[in-house]
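Shared chain: chain A. Partners: chain B in the first complex, chain C in the second.
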Partner chain A sequence: MECVFGLVGDGFAVIAADTSAVNSILVHKSNEDKIMILDSHKLMGASGESGDRVQFTEYIQKNVHLYQFRNGIPLTTAAAANFTRGELATALRKNPYFVNILLAGYDKEIGPSLYYIDYIATLHKIQKGAFGYGSYFCLSMMDRHYHSGMSVEEAVDLIDKCIMEIRSRLVVAPPNFVIKIVDKDGAWEYAWRETIKDAGVAAA
Partner chain B sequence: MARYDRAITVFSPDGHLFQVEYALEAVRKGNAAVGVRGTDTIVLGVEKKSTAKLQDSRTVRKIVNLDDHIALACAGLKADARVLINKARIECQSHRLTVEDPVTVEYITRYIAGLQQKYTQSGGVRPFGLSTLIVGFDPYTGVPSLYQTDPSGTFSAWKANATGRNSNSMREFLEKNYKETSGQETIKLAVRALLEVVESGGKNIEIAVMTKDKGLRQLEESEIDDIVAEIEAEKAAAEAAKKQPPKESTS
Partner chain C sequence: MSIFEYNGSSLVAMVGKNCFAIASDRRLGVQLQTIATDFQRISKIHDKLYIGLAGLATDAQTLYQRLVFRHKLYQLREERNMKPETFASVVSALLYEKRFGPYFCQPVIAGLGDDDKPFICTMDSIGAKELAKDFVVGGTSSESLYGACESMYKPDMGPDELFETISQALLASIDRDCLSGWGAHVFVVTPTEIKERTLKGRMD
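Our next item is the complex of A and B:
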């Protein structure tokens, strides 16, 4: 039900995630932001057990910040990915975190990068990836349409194609998605794709 | 357990904790440090003892940030400072993790002071040999604060304070000349206080400025030289004005 997917483009990386918070048959909210901004140039999209997701991603974010204060320079994306994987691996045989993560970042000398980290501490550096039931559709769409060096417009178009597939082909498809991008200027929220808006506060 | 008696901070018959007082002596031998609180700017300044020719001065940072909105300068044993600063940085992030809020200046000061106090009441350890000046803006109200801690573990808030070598002279100067300032005036007040006890010039002074929007900024040597030049020009002008009484009063 939860989908997180992303890809690397020309000088940027993009991650999209659904924004539903679900407990068995109840949808708590449809605007839960699952893509955490780790630091100025890193994004961490996470899916899985909601308690673990929040706990783990916040823990990683604070430790990334601590590293920066201690050492005066930020972690590279690769270092952050390996640190994250290490934490998952250490907890795995005691009390594992059920969180799947796509970590996207931009480093000055290296450019954009995307890392696939699953809940049993698998780590892969990839160009495109996806988690969840939606991955069955996203990966096929990306295999067909992805090419290296896509522009932001092309990449978001591909993301929209994936979202369209998820909405039309997945039986319990999440209605809303959020898209975030990281490039040389930083990590930022690009857009939301909403079909259901949470009811606003009634006018007094 | 005769061996455990060494280096414990115990009371003397007349109620002193000599180890703590000796730690304060160590602080008095450390480099001069000054902090001044303005309305929208807080300035920390430290004396930079001449760096050895072969030493890379960038690795000797005396004013550090604990979080985006909190900075610290200290006088005394630098190695002790490293330990305290590390623990404080962890506490800043830990606080953010558990309560989803940045620390207030008072909270982190209380934490550091608490650590310093703990080491005056434990077996086999000695107190930390440093006093710290902690500055920052309250994350929600935006109110600037300056706090000082010392080896005994006491802390209090100040409008301006100095610690380390010749801190008494600097504090006297600040008491005479302090007024509510902002921006560049606050920086000049801090530099003027430091210049009372330190050789003039950008090589011997390190200044860092904390503002609400931009966080902590270390001033470049050239910027400090400019400020020092401005201050010396002002001093010279004041001297000249004193020597020649204004013509209006005599005629």
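Our next item is the complex of A and C:
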């Protein structure tokens, strides 16, 4: 079951997501990147129906880029979050997207921020959040160990604690995770946490 | 579980002597899980008009955005703020527009009308207005709130006494409701000032 979780630290925000692409009992791949880099200073971690996830996050990414091309300045994180909520809300009563989103970003005056956007377009600004079955473990772990103004090391340590909980306590736990960070220098992939490496294709 | 109980909410508004009070809980949940403990359910339309939206959070957010839009247009055209009675009719009309695909919200409206006479009203999700002279309630703990308000309310209370009464009634009800809680927001509005206070109840 898909897990996406994230938190806000001191001058940065971090999102972690599992990387398995699953169809019923079959695991298609274990290195699927579910955290999209929207623009230089925004991350969008998404979980839910795979087709909707890819379609919707790409749609948001392209529209964020379009705004920047048209207006010459990038969207703020709050604006991107509200735009995403608007798209989900408009589609909700016609053709809903079953995608849950954690949107993290860094703005120069505001600093880091993290937004929780439900698949039914509930928007809320949060300090820590999680989606999926993993949330039952991550939220409790974060409630216990999170404090505002954590350093990168402390935050990644907390992320690792959450991953340990998911691996040991969730029955069909995803084996691999990816962690991405956004801070004043941009959005970038911090690390992978792998227990299973996809076997390469055998030479012919 | 009903769609109205998906996020959990509690709202109450009371009339005092030349003042009104409107209060809500602070929990944002997804069924049994709590997502945030600082969710704002009550929003200002203008200095003497507040609306609280109970029910499904996504519809509350969408409806609030539409109402602010309508009120801003009204302000531009009429060059004044909307009276609470007028605003209640606008909300009712907006809700009935979606009669066969409604917003899953229950609004609680409170304001000071002509001559600063306090006005409160509530309506169901399809816009059936209920004007009351004393108090109106909404949300998952509404039945409990009816009982608490009926026993604690008396007419012509001053702002401080009204604050005490509405706080006790709300806290008593949300502390017994698993879907509402994590404290309360209370607004007490008189013709000259607006006092916003946050209360601590059972933090569960």
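In this section, the second predicted complex is superposed on the first by the 200 of 204 C-alpha atoms of A that agree within 3 Å, B and C clash if a C-alpha of one lies under 4 Å from a C-alpha of the other, contacts with A are read in each partner's own complex, and residues count from 1 in each chain.
Note that contacts are C-beta pairs under 8 Å (C-beta built on N, C-alpha and C of every residue); 3 or more make two chains touch, one makes a residue touch a chain.
Keep in mind that what you see is a predicted model, and the values were worked out from it rather than measured.
Undergrad: Quick one: is A:Ser151 in contact with chain B, with chain C, with both, or with neither? Answer first, second, both or neither.
TA: Once the two structures are laid over each other on A, A:Ser151 reaches no partner at all.
Undergrad: Just checking: does A:Asp118 make contact with chain B only, chain C only, both, or neither of them? Give me first, second, both or neither.
TA: It touches chain C, and chain B stays clear.
Undergrad: Should A:Lys62 be classified as contacting the first partner (chain B), the second (chain C), both, or neither?
TA: first
Undergrad: When the two structures are overlaid on chain A, which partner does A:Gly129 contact: first (chain B), second (chain C), both, or neither?
TA: Second partner only.
Undergrad: After lining up the shared chain so the two structures overlap, which partner does A:Thr195 touch, if you call chain B first and chain C second: first, second, both or neither?
TA: Neither partner.
Undergrad: Could you let me know whether more residues of chain A are touched by chain B or by chain C?
TA: C
Undergrad: With both complexes overlaid on chain A, does A:Leu92 touch chain B (first), chain C (second), both or neither?
TA: A:Leu92: touches chain C, not chain B.
Undergrad: So which positions on chain A get touched by both chain B and chain C?
TA: Touching chain B and chain C on chain A: no residues.
Undergrad: For the complex, give me every residue of chain B touching chain A.
TA: Per the stated touch rule, the residues are 61, 65-67, 86, 89-90, 92-94, 96-97.
Undergrad: Which of the residues in chain C come into contact with chain A in the complex?
TA: The touching residues are 7, 28, 30, 33, 35-36, 39, 56-58, 61-62, 101.
Undergrad: Can you name the residues of chain A that touch chain C in the complex?
TA: Residue list for chain A touching chain C: 85, 89, 92-93, 116, 118, 120-124, 126, 129, 135-136, 139.
Undergrad: Considering the complex alone, what residue numbers of chain A touch chain B?
TA: So the residues of chain A in touch with chain B come to 58-59, 62-63, 65-66, 69-70, 72.
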